[in-house]
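Look at the two complexes coming up: subunit A is in both, with subunit B in one and subunit C in the other.
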Partner chain A sequence: MAINKALKFVAQLSIDKASQALSRFIRVGAKIEMDDIYMADISEITGKLSAESDEVVGAFIDLGGDVKFKFLFFVNAQDSCLLADLILRRPVGTTTTYDQYTSSAVQEIANILSCGIASVFTSDFQLGITISPPTVIHDFVGTVFLEYFMSIAVEQNEVMMIETTFKIVQQNINCHMFIIPDSKTEKVLSYISNTL
Partner chain B sequence: MSKKVLLVDDAPILRLLLKDILEKNGYEVVAECSNGNEAVAKFKELRPDLVTLDIIMPEKTGLEALGEILKIDPNARIIMVTAIEDRESLMKALRSGANDYILKPFEEGRVISAVKGTLDE
Partner chain C sequence: MNSQEIVVGIADYKVAKAPVVLSTNLGSCIAVCLYSSLHKAGSMLHIILPDSSSGINKDGIKTAKFADTGIPEMFNKLQQVCGVGINDCVAKLFGGAKILQQVSNNIGQANEIAARAVLKQLGIRVVAAKTGGEKGYRVKFDLITGKVQCQIFGEEIMEY
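Then we have the complex of A and B:
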């Protein structure tokens, strides 16, 4: 599928909504930037990422209905402690180890972000979207990606990756969000982008 | 006597936030549940004055639990909890008999006004 300018616009709109929702949630500025949107070969990208050994906390969500996406949000395990402090409105640095609250912070941020993305399609394009409860995983980044791709690989050889990073103001937290539409959804996205 | 509240949310961090707000304002949190099945069972057992019910949860969603709790007690007071942009599910819940809603992130004033208003109905 061709990644055209209009498709990038739809992706950017989704990311901006997610960015606003996240800022409201943690009560400090959060800016999500779209690093890249591209078609990637699953076997190639899986091989590359499986070598990554940073410990992260990630959350997967399935967006279903008229458009279907696989959503992944992850953050360095140490930074998940900072996110928990921000949400609980505690002084940053209070939480020092990974526990149920850090896991839950990642889970809830993933929820907020995916709801923000879904709202673009429900409000702006009148499509129906369902959102699954998040699955949280604490592991090496390569393992998290393998899990993420596993359910897609059987259906597709190539996937559209919308890759982002974002910064949370006053805290040096690097988070990552990936959105992969399924093959039918790519056609819907293509149709939407051609109508813009 | 303080009013009894049952908190239902699959995110422990949000249960902790909501519990702090409620206890600070004189309400008693009698139990916490992380899914709809537990919520229905605890409601039967404890008969709280109020239930706060998250919409998106594993095993049984908040919408499903809402229907079952209202079957057990049609006068049950239930406040739905939802993420900012999940308007569609929220409208479904209100049409199905929920009394009010609160949005994530929680605003203390809004939480207390929803709880007070629902209990005073």
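Then we have the complex of A and C:
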């Protein structure tokens, strides 16, 4: 699928909505930036990501309905503790190890972000979207990616990746968010972007 | 001697001669490592599903996704590129964890069973395996020694 300016605009719109929703939720500025939107071979992209051995906490969500996406949010395990403190309105530094609160924090952020993205399609483009409960994994970054890719990799050799990083103001927390539309949704996105 | 590291992504395999380290991360996928100490050569395949007969195998889909098509293809490549015969070759298996607890079927276990069956059919002996569990794996396969360093998330590195 061709990645054109209009498609980038739709992706940016989704990311901006997600960014606003997250900032409201944690009451601290969160700036999400789209790093890249590209087509990737599943073996190459997972090979690249498997080279990393970081410990992360990730949450993935399936968006279904008129447009289907796979959504992944992940953060370094240490930084997930800071996120838990922000969400629980505790002094930053209270949480020191990964536990059920950090797991819930990552789960909740993934919910907020994916709902922000879904709202672009439901309110701006009148499309129906369902959102699955988040699945949270605390593991090697490569393993989190593999499980995220698994159901797509079964049917496709190539995927469209929308890759973002974001920063939480004053806390120096770097988070990552990936969105992969399924092959049928790429056609819907193409239609939307052509009508803009 | 410094070895070059080659990372193997899902639905892919790499064939190489020493000094090379083949590495990958695994969840429910299985890494099938083949090695010939005679040739100091080996290969690693990263499969995601047990067999290609599930109807998913459409035209153009990568055969390395499946145990039944990926393992024979990888062995043929190892034979062509490095001259490794069946009798020179041994296999090691890693991965196959059940990462997603809410998913009822255990795809990792099915992958391991299928990989073992294909290797048996080809006449390749499985000399080591570390499979199962609920956490991810990180494996590094050194083609100088034939040893595989395997780390399960949260645990110490073990050698097989």
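By our rule, the second predicted complex is superposed on the first by the 196 of 196 C-alpha atoms of A that agree within 3 Å, B and C clash if a C-alpha of one lies under 4 Å from a C-alpha of the other, contacts with A are read in each partner's own complex, and residues count from 1 in each chain.
By our rule, contacts are C-beta pairs under 8 Å (C-beta built on N, C-alpha and C of every residue); 3 or more make two chains touch, one makes a residue touch a chain.
In this text the structure is predicted, and so the values were computed from the model without any measurement.
Q: Sticking to the clash and touch definitions up top, decide whether subunit B and subunit C on subunit A clash or fit.
A: fit
Q: By the touch definition at the top of the document, which applies to A:48: first (subunit B), second (subunit C), both, or neither?
A: A:48 sits against subunit C, while subunit B stays out of touch.
Q: Once the structures are superposed on A, label A:128 by its partner contacts, choosing first (subunit B), second (subunit C), both or neither.
A: In the superposition, A:128 contacts subunit B only.
Q: Just subunit B (first), just subunit C (second), both, or neither: which does A:137 touch?
A: In the superposed model, A:137 contacts subunit C only, not subunit B.
Q: Could you look at A:21 and tell me whether it touches subunit B, subunit C, both or neither (first, second, both, neither)?
A: So A:21 only meets subunit B here.
Q: Is A:90 touching the first partner subunit B, the second partner subunit C, both, or neither of them?
A: Touch status of A:90: no partner.
Q: If you stack the two complexes on chain A, which partner ends up touching A:150: first (subunit B), second (subunit C), both, or neither?
A: In the superposed model, A:150 contacts subunit C only, not subunit B.
Q: Does subunit B (first) or subunit C (second) touch A:184, or do both, or does neither?
A: After superposition on chain A, A:184 lies in contact with neither partner.
Q: Which value in Å is the smallest Cα separation between subunit B and subunit C when the structures are fitted on chain A?
A: For subunit B and subunit C in the superposition, the minimum C-alpha gap reads 9 Å.
Q: Going by the contact definition given at the top, which residues of subunit A touch subunit B in one complex and subunit C in the other?
A: The answer is that subunit A has no such residue.
Q: Quick check on the complex: what are the subunit A residues that touch subunit C?
A: 42-51, 53, 55, 135, 137, 139-147, 149-150, 153-155, 157
Q: So in the complex, the part of subunit C that touches subunit A is made up of which residues?
A: Per the stated touch rule, the residues are 7-12, 23-29, 46, 48-49, 56, 60-62, 64-65, 99-100, 102, 135-138, 153.
Q: If you look only at subunit B, which of its residues touch subunit A in the complex?
A: Going through subunit B, the ones touching subunit A are 10-14, 16-17, 56-58, 83-88, 104-105.
Q: Quick check on the complex: what are the subunit A residues that touch subunit B?
A: Within the complex, subunit A touches subunit B at residues 17, 21, 24-27, 84, 87-88, 100-101, 104-105, 107-108, 111-112, 115-116, 118-119, 122-123, 128, 131-133.
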